[in-house]
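A quick write-up on the structure given underneath.
Lettered A, B, C, D, E, F and G in written order, each chain numbered from 1.
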């Protein structure tokens, strides 16, 4: 599945839509597996993005704290 | 009986129709066997589809959980 | 008597007519025997058809239940 | 006396007429014996017919019941 | 006196006429005897006829009842 | 973001906005790192400026702008 | 020219001294007066001055006497200056305790023993209240009194978040200025400042114009100062009255940059303190206030930094959690959908099995019912027909017999009737038949006397002749 050019925002929105669809049982069995697969890809994408952002932010914070002590 | 090109949705709808027909006694004895045979085929089709979907969904879920623990 | 090309439905309808005629005593003695004979033939036809359908339906049902246990 | 080509229905109708005639005393003594004779013949005809029909119907029913028990 | 070709009906009618004539006293003594003689002959005829008819009817009835018991 | 003519006021206001955005979770993950980076720059600006001479302040601002363009 | 008797001058001064001594020795007086011709010999700590009384309308001197203060009196003056902030000088109105003596050389001597501080404080306070009143009245748009406080244009100004560019109004050599400068430059946080000093003489009431001129210089310089600091030099001299003047009060109240004061007044606030943005007690305190203000900003920035760090970590946590929740929800829902459908298909199957069996069963029952009806009805019908026939037969037999019996009765009736009517039977009953000329006679009118008649009776005939004829009407 394609998660290129996706933003976290868009991915998260799509995830919420999938969740709502599945929760409301408006997803037919025919496409259920496909939807779950898409959700899995989106979750993985979001988690990666989050982790990357976390690392980046932590680096900035470390830098900040280092600078302060100088 | 032909269940090719059937979707679960369509199969399930047809099952419900057969159910309704039998309930309303609009099915004569002449076609009862035929209807039951069709129902059996549809049920088998639906069950297969459900089982396949279940397996697929469970695999995705397992995959996701494995990824999460990594 | 001819029961070829009869459907259960038609046979049953005819039987009900005969039953009503006999019950209302609108059948003269002259044709009574004939009517009873026709009824007998129809009943036999219906019973055969019912039995055949039953066997067929039961087979399908057995098949269905076997499938479930898989 | 001639009872050929008679139906039970016609015979019974004629009998009821004769009975009415005799009851209303519109039958002269001259033809009374003749009328009674005719009535006797008709009664015998009807009884025969009834008996025959009974036998026939019973046979059919026996046949049916035999078939049913098979 | 001639009673050949007489019917019971005609004989009984004649008897009623004779009775009426005598009652009207238009019959002279001369013809009275004659009339009475005629009446006597008619009465005898009627009685014979009645007796014969009775015998015949009884026979038919007996016959009928005999047949019925068979 | 423009850091020319940056004053304590403007820097503080911007910092408060960034804090509020992050606190209200109106900042998408997509821009979070960028926001934190900006916050770090602003904080550094404030702290440096508090301790720097006028010449040094201009250098800090130039530095910030260079970093931003990278 | 007569030579009058004379005494030595010293004898005279001795008598004067004696009189004065007799009149004033051991006595002291509290006197209200103004001070003039004041001079002070610092080394000796001698104060020389005149006490005068002027007319109420201000002109002429009514009384005047020289006075001196030394020793105890000088100490009291020093204490007075400390307590009131009022320098002992010309033109001040005082309440002083004096003793009166006479000296052979120096003449009348008034010695100041004590000076009432409260009297002067009261006077100064009155002056200060008058200044404040005038300020309120003259500039209602600039100064308002709110409770005990004065709200001014200046103290309504917002302090910039950091006070870094400062204009200081001070006297160059005062200790206060040194304190202020030292405190700022050696702050523990390493903050730097950009300070312009505007030196003036900050002593003496009459120097108010000079101070005002410094404020005007600052305003006209158009430099982007964050604040103006007014500090008083401190030192031995204690003259605050400059800061109670209407002139400076008005200038500070209207000044467009926040004014921070550090005047060094220990007891109560000066008018300038009241009009200023932030009054502090000393120059050091003013510097400390500025450092604390900047530090507050830095702490706020650090707090924001901390918050941003914490918040972004919370945000990550929340997102990770939201993702987990979504994932769990999607997984659970997907499994639920499959489960629901499995149940539905199973139910459908069960239902179809049950219903089709039921349908067959129902059809069988209906067929059985019809079969039963059809097999039972004909027998009944045949039996009924048999009964009908039998009834008919019996009716007919009965009716035929009835018909025959009735006819027999009818014929019997005629038989009886005609037997009775026969002539033979009539004759038997004693009747006779009369004939004339072979004609049966039925009435008398047919007969005449002499006619021969034949009489027929039972058993035979007789012949007779009519001998007599008699008629009757039948009503015999």
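Assorted remarks:
Throughout what follows, a contact is a pair of C-beta atoms (placed from the backbone, for glycine too) under 8 Å apart; a residue touches a chain by one contact, two chains touch by 3 or more.
Chain identities (UniProt): A, B, C, D, E, F = Exodeoxyribonuclease VII small subunit; G = Exodeoxyribonuclease 7 large subunit.
Everything quoted here is computed from the prediction, not taken from an experiment.
Between the contact lists of chain D and chain E, the overlap consists of G.
Shared contact partners of chain B and chain G comprise A, C. In a homomeric contact, the two copies may use the same or different surfaces; for chain B and chain C, under half of the interface residue numbers are shared, pointing to different surfaces. Summary of the copy comparison: rotating chain A onto chain B for the best CA superposition needs 15 degrees, to the nearest 5. Distance from chain E peaks, on a Cα-centroid basis, for F.
With each centre defined as the average position of its C-alpha atoms, the distance from chain C to chain F rounds to 93 Å.
The distance from the centre of chain E to the centre of chain F, with each centre set as the mean of the Cα atoms, comes to 153 Å.
Our note on geometry: chain B versus chain D, Cα centroid distance of 67 Å, whole angstroms. Centre-to-centre spacing of chain C and chain G amounts to 81 Å, using the average Cα coordinate of each chain. The multi-chain contact residues of chain E, meaning those touching 2 or more other chains, are 8, 50, 53, 57, 61, 64, 68.
Within chain G, the positions touching two or more other chains are listed as 305, 312, 319, 327, 331, 334, 338, 341, 349, 356, 360, 363, 371, 375, 378, 382, 385, 393, 400, 404, 407.
Contact between chains, using the touch rule, shows up for A-B, A-F, A-G, B-C, B-G, C-D, C-G, D-E, D-G, E-G, F-G. The residues of chain A lying in touch with chain G in their complex are 12, 15-16, 18-19, 22-23, 25, 27, 29, 32, 35-36, 39-40, 43, 46-47, 50, 53-54, 57, 61, 64.
Across the interface of their complex, chain C is touched by residues 28-30, 32-33, 36-37, 40, 43-44, 47 of chain B.
Across the complex, chain D is touched by residues 371, 375, 378-379, 382, 385-386, 388-389, 392-393, 395-396, 399-400, 403-404, 406-407 of chain G. On chain G, the positions that touch chain F within their shared complex are 160-162, 164, 189-192, 194, 294, 297-298, 300-302, 304-305, 307-308, 311-312, 315, 318-319. Of all residues in chain E, only 7-9, 49-50, 53, 56-57, 60-61, 63-64, 67-68 touch chain D in the complex they form.
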